[in-house]
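Listed below are the structures to be examined.
Here chain A shows up in two complexes: once beside chain B, once beside chain C.
Presenting the complex of A and B:
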């Protein structure tokens, strides 16, 4: 949960990008880092394989100014999406304040999206967190693949599969092109900050 | 959540018991990777937020390995570099003291210092019951 330091007047928020393997979680962070790191004055850490598959997590911290008199430090993490890293995913979720669920809009990935969301719900329960209460944004990624003629799931179908009950904000995106990456991030930061300041009050 | 008083006391203890005795930089973190306290000798330029995140993940992973091999945990977690070394000491309730130190400080002496400090930190972190 958000760590509040009364001495330095700082809040540390942990936002995790979750989703099945190769859905674009690292690409999201990489886009943010490559386009905003100078302004944010921060570095990104990636722990991955030679094939650039995340093996542990990616990490990117930055300051976003003050809220309610506290300096807010946002810490973005990604989890490894491959099935074999389920223990690592659970580790990374420890202390989570907000989630971006990056779903892969490619048709063949439909089942993996659903399984990954169930996996997230189970892992959140491990930390006594309720998926219906935590700040949460969906991103339906890989919109750019329509140009290559690859069949994609429609946003309506993705909404029905993943967001029918949760009813959270959702963005159709192309992380590799940067489309709606910043919008997704702004929304989750806003939701997470509001949640934390509400608890402060 | 810690009070300002607790955080100040923690910093005082870490500075006097570790940094003033030769430790380059010491962090107190939680297992979520949050940085609770950070004291250095002023010569260290480490990105402490990234270090906290990585250390928490690393410690969690090593504990998982310990479970796999039938151990409750590993009593010594330490990495040796050419110039800078790093030592991890876990506290109850999910906190970790991370000490960065150079070769002029022996590991044995550091472990002694950290062992003493961890008792003091635990005392500061333990909620006190008021008698009123």
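Presenting the complex of A and C:
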């Protein structure tokens, strides 16, 4: 359940970008920050990075105005994708309201996508959350790599591997080019706020 | 009223998100994927059931049980579908344990339970009573199967008990054979189990006799008091 402050009439929606290492989670947030930060009037915070890789998490909070009498604050987080940062990933999921699963469409990453999704399911269970019930959007990232001749997994195969049972909205995307980054974000915010307001009602 | 409010809220959120993340100047292509893809949640289960019917192997059974796990989570709020999935799970575990020795009726249970789940999920208008009836029917079949298994198991034990006595008789028929193999381990086990069996029967007889005697005494005492 989202954090609700009755005194200030404020709801905080926590949305986490999850996925295997190097799938483009931070790139998603960076694109949003670089293109919409003026409108959103906010700053992105990246905590502890090792070169280009996130080893703690990224954090990007912003307001989306008032809904049903409540000020809605959205907090975007990413998790470190590498297998070794298991405990940090679990920690970041605490109090989660919605998930964007960023899958890497590069062919060699097929197994890691599946393992990461299983890891997410396990970590959500730890917080008594059901992967089938939480607002959830898939993003099949790195489509731009076809231009470089890198073999990619087809969207149909990605759907079959990851989304066959979950049946969630899915976007093919290129976070580095900004393709479908905002669409993914809009969908997850919309789904999460609907779910939270339904709970409030 | 609540529904209208929810729709209004949704529209308001979407309008605001469109404003905040307007990409019209960036030529973004919105490609929402998935409309053309077959999103029947039972497709995978169906193909795995067909695979099991064709050949029982570790990989398929593991995939089958994982698939059931996923579906159980998906239908955690629908008790009837959830329970039907449990029948499929128990049946799968039985096959995993018994392998080629699995009773052939189990495949009928698998197919029938799957068809019941499919009927419930695909028919959105199905009433709760119809769903319940379907479940009761499947549960009945599954229980019948379990009883059949238990009977077969008991029959197996009976044969094990009778077998030594028969062998023992045959030993008497051929005393020379028994003399030839005095240290035959099987023969030893047979004698011991038979002896245990007879001792157990005698114990039970004694217990019944003593119980009847004490009951008789109690009845006599009651009769005297009444007089």
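One rule holds in what follows: the second predicted complex is superposed on the first by the 199 of 201 C-alpha atoms of A that agree within 3 Å, B and C clash if a C-alpha of one lies under 4 Å from a C-alpha of the other, contacts with A are read in each partner's own complex, and residues count from 1 in each chain.
By our rule, contacts are C-beta pairs under 8 Å (C-beta built on N, C-alpha and C of every residue); 3 or more make two chains touch, one makes a residue touch a chain.
Everything quoted here is computed from the prediction, not taken from an experiment.
Colleague: Does the superposition put A:108 against chain B (first), chain C (second), both, or neither?
Modeller: A:108: touches no partner chain.
Colleague: Would you sort A:146 into first (chain B), second (chain C), both or neither based on which partner it touches?
Modeller: A:146 contacts neither chain B nor chain C.
Colleague: After superposition on the shared chain, which partner residues are touched by A:73: those of chain B (first), chain C (second), both, or neither?
Modeller: first
Colleague: A:4 in the overlay: touching chain B, chain C, both, or neither? Say first, second, both or neither.
Modeller: Only chain B; A:4 stays clear of chain C.
Colleague: Touch test for A:169: chain B only (first), chain C only (second), both, or neither?
Modeller: Touch status of A:169: second partner only.
Colleague: In the superposed arrangement, does chain B or chain C reach more residues of chain A?
Modeller: Residues of chain A touched, chain B against chain C: more for C.
Colleague: Examine A:154 and indicate which partner it touches, taking first as chain B and second as chain C; both and neither are also allowed.
Modeller: A:154 contacts neither chain B nor chain C.
Colleague: Just checking: does A:43 make contact with chain B only, chain C only, both, or neither of them? Give me first, second, both or neither.
Modeller: first
Colleague: Where on chain A do the contacts from chain B and from chain C line up?
Modeller: none
Colleague: If you look only at chain C, which of its residues touch chain A in the complex?
Modeller: 2, 5-6, 9-10, 12-14, 16-18, 20-21, 23, 26, 28-34, 37, 39, 41, 43-44, 67, 70-71, 73-74, 76
Colleague: Quick one: in the complex, what on chain A touches chain B?
Modeller: Touching chain B from chain A are residues 1, 3-7, 12, 14, 43, 45, 56-57, 59, 61, 73, 75, 77, 87-88, 91-92, 94-96.
Colleague: Which residues of chain B touch chain A in the complex?
Modeller: The contact residues of chain B facing chain A are 1-4, 7-8, 11, 30-36, 47, 49-50, 53-54, 56-57, 60-61, 64.
Colleague: Within the complex, which stretch of chain A touches chain C?
Modeller: Residue list for chain A touching chain C: 32, 35-36, 39-40, 64-65, 67-68, 130-133, 140, 155-156, 159, 163-167, 169-172, 178-180, 182-183, 185-186, 189-190, 193-194, 197-198, 201.
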